[in-house]
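Each in structure tokens, the structures are laid out below.
Shared between the two complexes below is subunit A, which pairs with subunit B and subunit C, respectively.
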Partner chain A sequence: MNVEEKVKEIVAGVSGVDVNEVTLQSAVGDFPQWDSMGQMAIIQQVEEAFDISFEPEEMMEMEDVNDIVKAAEAKL
Partner chain B sequence: MLTIEQQIERNAQRMPEKVALICKDTRVSYGELWERCCEAAKTLQNDAGFYKGKRVVLAAAGNAEFVYQYFGTHLAGGICVPIDPDTKPARREYIERIVATGAPSDGMADIMFTTGTTGAPKGVVLTHENIAASARNINAYIGNDADDVELLALPVSHSFGLGRLRCVLSKGGTMVLLGTFANVKRFFAAMEEHHVTGFGMVPAGWAYLKMMSRDKIRNYAGQLKYIEIGSSFMSVEDKKMLMEWLPNTRICMHYGLTEASRSAFMEFHEYAENLSSIGKAAPNVDIRIIDGEICVKGEHVTQRYWNESPKRIAQDFHDGYFRTGDSGWMDEDGHIYIKGRIKEIINVGGEKVSPMEVEDVLNAIPQIKESACCAMPDMVMGEVVEAFIVEKEPVTDAEIKEIIKPQLENYKWPKRIVRVDAIPKTSSGKIQRLQLKEV
Partner chain C sequence: MKRFEGKNIVITGCNRGIGRVMSEAFCAEGGSVIACVRTLSDHMLSDFQNMERKYGTRVYPVKMDLSSEESIREGLREIASMKLPIDVLVNNAGIEHGALLMFTKMSDIRNVFQINFFAQVQITQYIAKLMSAKKKGSIIMMSSVLGLDAAAGTTAYGASKAAIVSFTRTAAAELAGMGIRVNAIAPNVVDTDMGHKMDERTLNALLANTDLQRIAKPEEIANVALFLGSDESGYITGQVLRVDGGLR
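Here is the complex of A and B:
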């Protein structure tokens, strides 16, 4: 599974939506469960999935799925 | 005392061009705000099914349309029932059913549903006098005025966020409607773009901001006049950090509940020697400790719950003082300290969760024989739900989560599920939650 697919799967799982509803443009707040708690859970699960860790400055830039994918890819 | 709507009307007459609301790219002046609220009232009054005292359930999204509908409903003589737009259908239907029956009394403005100890939501009735008094008390303490530009990232379905809206608009300030803290980049962009001078947040919001942006808030030390914090516990370490990073900002933490909003206040810099206290009674509020319980009196305090008998409500008062359900003590200077909670409510980042509501959903899962929930400390949220279950048949955490997802809002989901052989109970069958915490 590539990074994009995994991130979409994590976002879908945390947000409680079907993975097909998640696009690269899906952003914080687009799904009711993707609030601040959801954002933290997503970041934590992405870190665990790829065994990486993000700095606060990097987390702040994560507004949508594409940002998260790019940030994760940059660490691999 | 003028109602909040009368104060907005006064502001519209005195400064019609002044910006009242900013929502994305839209700016709404006080003149326009008043016009739109009056239009909303007229539309409601023209509805054949509308009558004075009708309960109007509003999906409280943090946008300008909600603001018009909220104040418009009051102007029309209706009673607002603001609920979170993402409220699960079962809870929404319950609230709609409850408010459809019952008799309103004069002066009622809002029915705010809060978590009852039995799990069923309780409708706190607030009058126009209650909410105007509350705004007056808060503005007096924080020092809000017409020059304020406040960022609203709190949910307006709750007493805290809705209260901030009333405080700013009654004073003639400008409210920037952001909706949520979730997008931290947008939060700081709005701070800069609108030269924000204040905002409200819950301690979990602060933990989130800190995690996502480290000390970036320091960059705004020169422009932030005030921050209001409330709804749950904040550590002394976090308070000291904010004091250091924002040395000239009035950082005001409130203590209160939906029934008695902002009953006590403490400003961090003024209370540097008493940071573990919840401060003193807010302006125009009287607080007493009666039988070890913090009890509150003032014009801001509710006098009833929707559809509850006067006899039942009398149990919530001690000689005219509302019983908060928190145990505490007061020192000789009037500083109040909380010892613990008498009621068994879990406070998840300011969202109140009844353990019984979560247990009811868990107990309905066929593989679970019984369950019990209690609060578990959490670095960010303060507290989260921890569930203890006795299995009939093996069931995984993932399976449990799938079942509870559609029924419970995400802050109610147990963060940890522990399997136990039995739930500790008293001889009368009451769950002993303190013993659970020792498992």
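Here is the complex of A and C:
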């Protein structure tokens, strides 16, 4: 499973939606459960999935799925 | 077993005053301290080494100038590179500032807020992130009775400490889901160099209304930090504890 697929799966899991509803442009607030607390959960799960760690400044730049995918890929 | 055996505590402003006393108090309870200081001196390093010998714990000095966002970032990265699980953060460092509103320069307010508020937020963001990995932690903020009660001559300082009160409650609400508790201590005047810088008029007004009729010992503040940092306060979060000797 590539980074994009895994991130979409995590976003779908935390947001409680079908993975097919998640696109690269899906962003914080697009799904009711993807609020700021949901964003924290998503980032933590992405970190655990790829054994990486984001700094707070990096986290603040993540607004949509594409941002998270790019940030994760940059650390692999 | 001591309360903080095997635990790591980040404390800012460890070189003197309350921070120095807190560092020793946590070491005495078996904790290892990541001691953040603005400048490192041989005397300070020797002091930290003496603490290590006396209590058989570790004191890791980290240089961090709270007036500089970049210096804070560098210090935090150094802490992260230690790969130590962080159990407690004490945002202790701060500066005092006394002046009447009409004599308070905007640059003074910005300077006070950078150190007493913005730096604390930056450090909390980063350390909370480190704590979130183990889903447990305690963050202790240092407010002041002057952040809760009004007093002439405390425009910048009082407002910065009031901001800490609000921040404590907000951070507690947001970080609870990660198992992190956030509380603040609001001391009256403390017997430190900083405490003695308070202008006489404000100090006398405070003492006149303090039941115990004396200023606090740093140890009395450190003891509260030990309590808030430990599991003894496991069901306490979002609180501002007045340690004020009965200030009315």
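Here is the rule we go by: the second predicted complex is superposed on the first by the 76 of 76 C-alpha atoms of A that agree within 3 Å, B and C clash if a C-alpha of one lies under 4 Å from a C-alpha of the other, contacts with A are read in each partner's own complex, and residues count from 1 in each chain.
Heads up, the rule we're going with is that a residue touches a chain if its C-beta (ideal position, glycine included) is under 8 Å from a C-beta of that chain, and two chains touch if they have at least 3 such contacts.
It should be emphasised that the depicted structure is a prediction, and the values quoted were computed from it without experimental measurement.
Colleague: Put the two structures on top of each other at subunit A: do subunit B and subunit C fit, or clash?
Modeller: Clash: subunit B and subunit C overlap once superposed on subunit A.
Colleague: Who wins on subunit A residues touched, subunit B or subunit C?
Modeller: Answer, by number of touched residues of subunit A: B.
Colleague: Figure out whether A:Q44 sits in contact with subunit B (first) or subunit C (second), or with both, or with neither.
Modeller: second
Colleague: Which partner does A:P56 contact after superposing on A: first (subunit B), second (subunit C), both, neither?
Modeller: both
Colleague: In the superposed arrangement, which partner chain does A:G16 touch: subunit B (first), subunit C (second), both, or neither?
Modeller: After superposition on chain A, A:G16 lies in contact with subunit B alone.
Colleague: With the two structures laid over each other on chain A, which partner does A:P32 touch: subunit B (first), subunit C (second), both, or neither?
Modeller: first
Colleague: Which residues would you name on subunit A as touching subunit B in one complex and subunit C in the other?
Modeller: 36-37, 40, 56-57, 59
Colleague: Applying the document's contact rule, which stretches of subunit B touch subunit A when the two form their complex?
Modeller: 85-86, 179-186, 188, 204-205, 208, 211-214, 216, 349, 380-381, 405-406, 410-411
Colleague: Can you list the residues on subunit A that touch subunit C in the complex?
Modeller: 36-37, 40, 44, 53-57, 59
Colleague: Hey, which residues of subunit A end up touching subunit B in the complex?
Modeller: Residues in contact with subunit B: 16, 27-29, 32-40, 56-57, 59-61, 63.
Colleague: Which positions of subunit C touch subunit A when the two form their complex?
Modeller: 73, 77, 80, 125-126, 129, 132, 174, 177-178
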